[in-house]
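Below is a structure I'd like to ask you about.
Each chain carries a letter (A, B and C) given by its place in the written order, and its residues are counted from 1.
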C-alpha cells in the first residue's frame, strides 16, 4: 500500500484494510413477464486496494450488472456485499464510487469544466476547491485547455476522457468503468488504454473495468475475472504480474499471449454450456 | 433456458386484473375522472351557495344544510351547474328533441360539424399540395416557408368575424364562410407536418432511388409519400381539432343563428349556464370523437404499411 | 451561355411587349373615353420597355449570376413603382384593363426569376448567405403586398370587402392611440397575466405530478386529450365568473396554456437519459439536486416548446374571449365592433397589430430559448 492511497482514504477503515470489495455468495434474479432471469448466481469475489480488475465475458454474462450491484445501482437478491466494510448503499452515500459509463454521459448544457465539477457541486465543496480539482483532473487525462469548451465541441475520445476526469475529480475509492472505450475505434482505444494505465500507476486507484476485449483485459489488469452467461457467474480468476509501467509492446510477448490464451479458454468453456 | 420449469406457470398468471389496471393507464385515468366529478360537485355547491343564501335571506326562510346542498345543485341559472343538470339538459336536447328542431343539440352539432369537415377536407388538400410544392421547388421553400412558419405565430382566429361578416355582405352565408375559416386554420399544420414528412426519408434511401435513376414522381410515390404518413396523421389530428375551433368561433359573429358556437353565445347572452355547459361538453365530445376517428384511420393505414402499433 | 432559353424571362418579355400593345385601361362610363393611354405615360412606358429589353436579353444570355438577378429585381421595382403611380396619379384605379394586367404578369414572371436566382445562391460566407436567406422571403412578401395593392386598386375592389394595404397602413398610423389602448388591455394585461399564471402553474403541477407515478399515468392521457378540445368555449363561462374586464380573459388563457405546459414538462422531466440518472445516483445526489442539476435542464427544450405553443394560444384566447364581452377597449372588442360598423380597414389594422404582437411574443420566447438551450443539438444540426 502506498502512501498516496493512505492519504486518499478519508473514510474510516474497517478491520481488513486491504479489501475494498468483498462479495460472498451473491445472486441477483430479475422478475420479468417471461419468468425469472438469473442475471448473477453465486458470485464470490474480493478486490484489494490498488487492484486493476477486469471483468470479461460474452454479452449477457452479467459483468455490467455486477458492476452496477457494486455501485448500488442494482440490489442483490441474495448473498453479502461489503464495500470498504460497509454496504454498497452506505458506500455510495460516502461517495466511494467514480463511475464511467459506456457513453460519456456529459451534460450538454455544461462546459467541460462544469461537467467535471458536477460531483463536487453535489458534494458541496467550495468553488475555488472545485475549480482547482477540475483543473488537476483534466490535467491527468490531458484535457487541460478545454475547460471552457462544450461537450459537442470535443471528439468522442476526448469526451470519454472528460468523463474519466469527472470520475477522478472527487478522489473516489473505487473507479468503476463499464466498457468505457467500447464505442471508440481501435487506435483511439489503444491510446486511451495506455493513458489509463499510466493514470492507474500514478494514482494507485482501485479500478473495476468491464470489457469484452481480451487484449484490453490482459493489457490493463492485475486481475482478470472471466464470466459466463445463463446464469451469470464467475468461471475463472486470473492474476497477472506485468510491470506497472508496461507499454503496448508487451502484447507481443509470450507471457501476454499465454494469459490471453487462458482467458480465451475460459470464455470458450463458458460458451459450450450454452449450446 | 436454465430457468426452473416449476416457477414458470406462477409467473405467467401474473398480477390480477385490478393491479394490471392500476399499473396501466386505465385505472389512473378512471380515478382522475371520478376525482374530477367529485371536485365538480363540491365546486358547484360552494360556487352556488352565496346566491342561494342570498335568496334564503331575502325570503327570510329557514334552511338546513341538506336543503342548502340540494338547492345549490338544482338551481335554474347556477354559477356552476352540477354534472347531473348538464347531463339532463344534454339528454333533453339530444335524445328527447326532434332532430329538425332548432332546440335540438343534434341539429346544432350537425351545423358545426358539416362546416368543420368541409373546411378540414379542403384545408388538408391545400396543405398537402403546398407541401409538395415546397419540397420540390427550392425557390418556393425559401420564399414561402418562412411565411408559413411565422403565420403560425399570428392569432389567425382574430380574422374569423371579419371573414364571416364580409362574405355575408356579398351574399355568401351559412356553411361556406365558416368552412373557409376552418380551411385557413387547417392548412398550416398540414403544410408544416407534410414538409417535414416528405423530407423524412434518409439520405441513403434517397441515394438509393438515385442509383435506380428514379424520376421525381417515382421517388415521390415510392419513398416520400409513404414515409410522410405518420407525419400526415399527426398533423391531421391537430388540424381536425383546430378546424372545429374555427367553425365554433366562426359562429360567434353571425348573430347566433345555429351551431354549437351560437349556442355558447346565446347561452352567455341569456345567462343560461346549463345550456353553455351542455354545448361545451358536446363540442368536447365531438372533438374527441373526430380525433379518435383520425386515429383509427392512422392505425389502419400504418398497419397496412407494416408499421407495428 | 447555354443552349436553353430562359422560360421565365421569355414569358416576362412577351407579356411586357403585349402590355405595350393592348389597351391600358377600360372606358369611363361618364365620359365614354378611355381613362389613360400608355403613350401619355412616359414613366410606365419606359418601365414596360425596360422589361421587354431585359426579358429578351436574359432569355438568351441566361440569368447566370446574382448580379443579373439583382438587375432584374431593380427593373421590377421600377416597374412596380410606375404601376402604382399610374393607378393613383393617373386615375387608373378601378379601370385597369388587359394591358395593365399583362404588365403585372410580366413583372410576376421576372420577379420569380430574380428571387429564384438569389434562392439558389450558395456561398461559404456566412454573412452573405444569411443576407440572401433574408432577402428571398422578404422580397416574396413585398411582392405579395404589391399584388394585393394592385389588385384591390386596379379592379376597384370595394373597401368593405378588402382594403388595400396602403389604406390599412394609413389607418394603422392614424389610430395609434386606440391601438395602443387595445394592446395594453388585451396584451399587457390579459395575455401576460394569463400566460405567466398558466405556464407557471402547469410547470409546478408537472413537477409535483412527476413524483407520483399514479397521478402521472392518469393525468398524461387526459392532458393530451384536452389539447384536442375546443377549450376556447369556456370563454363565456369565464366572462360570467370573472366579469368583463381582463381577469376573465386571463382566466381563459390560464386554462388554455396549463395543459400544454403540463404535458410537455412531464415528458421533458423523463427526457434525461438513463446513464445520466445512474451517474447522479452514484454521487448519491438527492431528489432536488438531481432535479435542478439534471432533470430540469434536460427538460428545458420541452418547456420551451410549450412556451412557444402557449404564446400563440394566449393571444388567440384573449381575443376570442373578448368576443363574449369586454369593457369598451381591447383588440377582440375592437375587431367585433368595427366589423359590425363595416370599418374593415380598422379591423385589418387591428389584425396587423395582433400579427405583430404575436410574432414579437413568439420571437422573444424563441430568442430566450436560443440563449438558454444553445447546447441543444437542434441548434447545431443543419437540415439536408
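List of remarks:
We take it that a contact is a pair of C-beta atoms (placed from the backbone, for glycine too) under 8 Å apart; a residue touches a chain by one contact, two chains touch by 3 or more.
Predicted model, so just to flag it, every value in this text is computed and none were measured.
Of all chain pairs, the one linked by the most C-beta contacts is B-C.
Relative to chain B, the chain whose mean Cα position lies farthest away is A. Here the spacing of chain B and chain C, counted between their Cα centres, is 25 Å.
Averaged Cα coordinates give chain A a centre that lies 53 Å from the centre of chain B. Work out the mean CA point of chain A and of chain C, and you get 55 Å between them. Interface residues of chain A facing chain C in the complex, by the touch rule stated above, are 68, 71-73, 92-93, 95, 97-99, 101-103, 105, 107-109, 118-119, 121-123, 150-152, 176. Of all residues in chain B, those touching chain C in their complex are 22, 24-25, 27-29, 31-33, 79, 138-139, 141-147, 150, 152-159, 161-162, 165-166, 169-170, 199, 203, 237, 241, 244-245, 248-249, 252-253, 260, 264-265, 267-268, 271, 273, 276-277, 279-280, 283-284, 287-288, 291. Chain C contributes residues 273, 275-276, 278-285, 289, 293-294, 297-298, 300, 373, 375-377, 380 to its touches with chain A in the complex. Note for the complex: chain C touches chain B at residues 112, 115-116, 119-120, 133, 136-137, 139-141, 160-162, 214-215, 217-222, 225, 227-230, 232-237, 239-241, 311-312, 315-316, 319-320, 323-325, 331-332, 335-336, 339-340, 342, 344, 347-348, 350-351, 354-355, 358-359, 361-363, 383-384.
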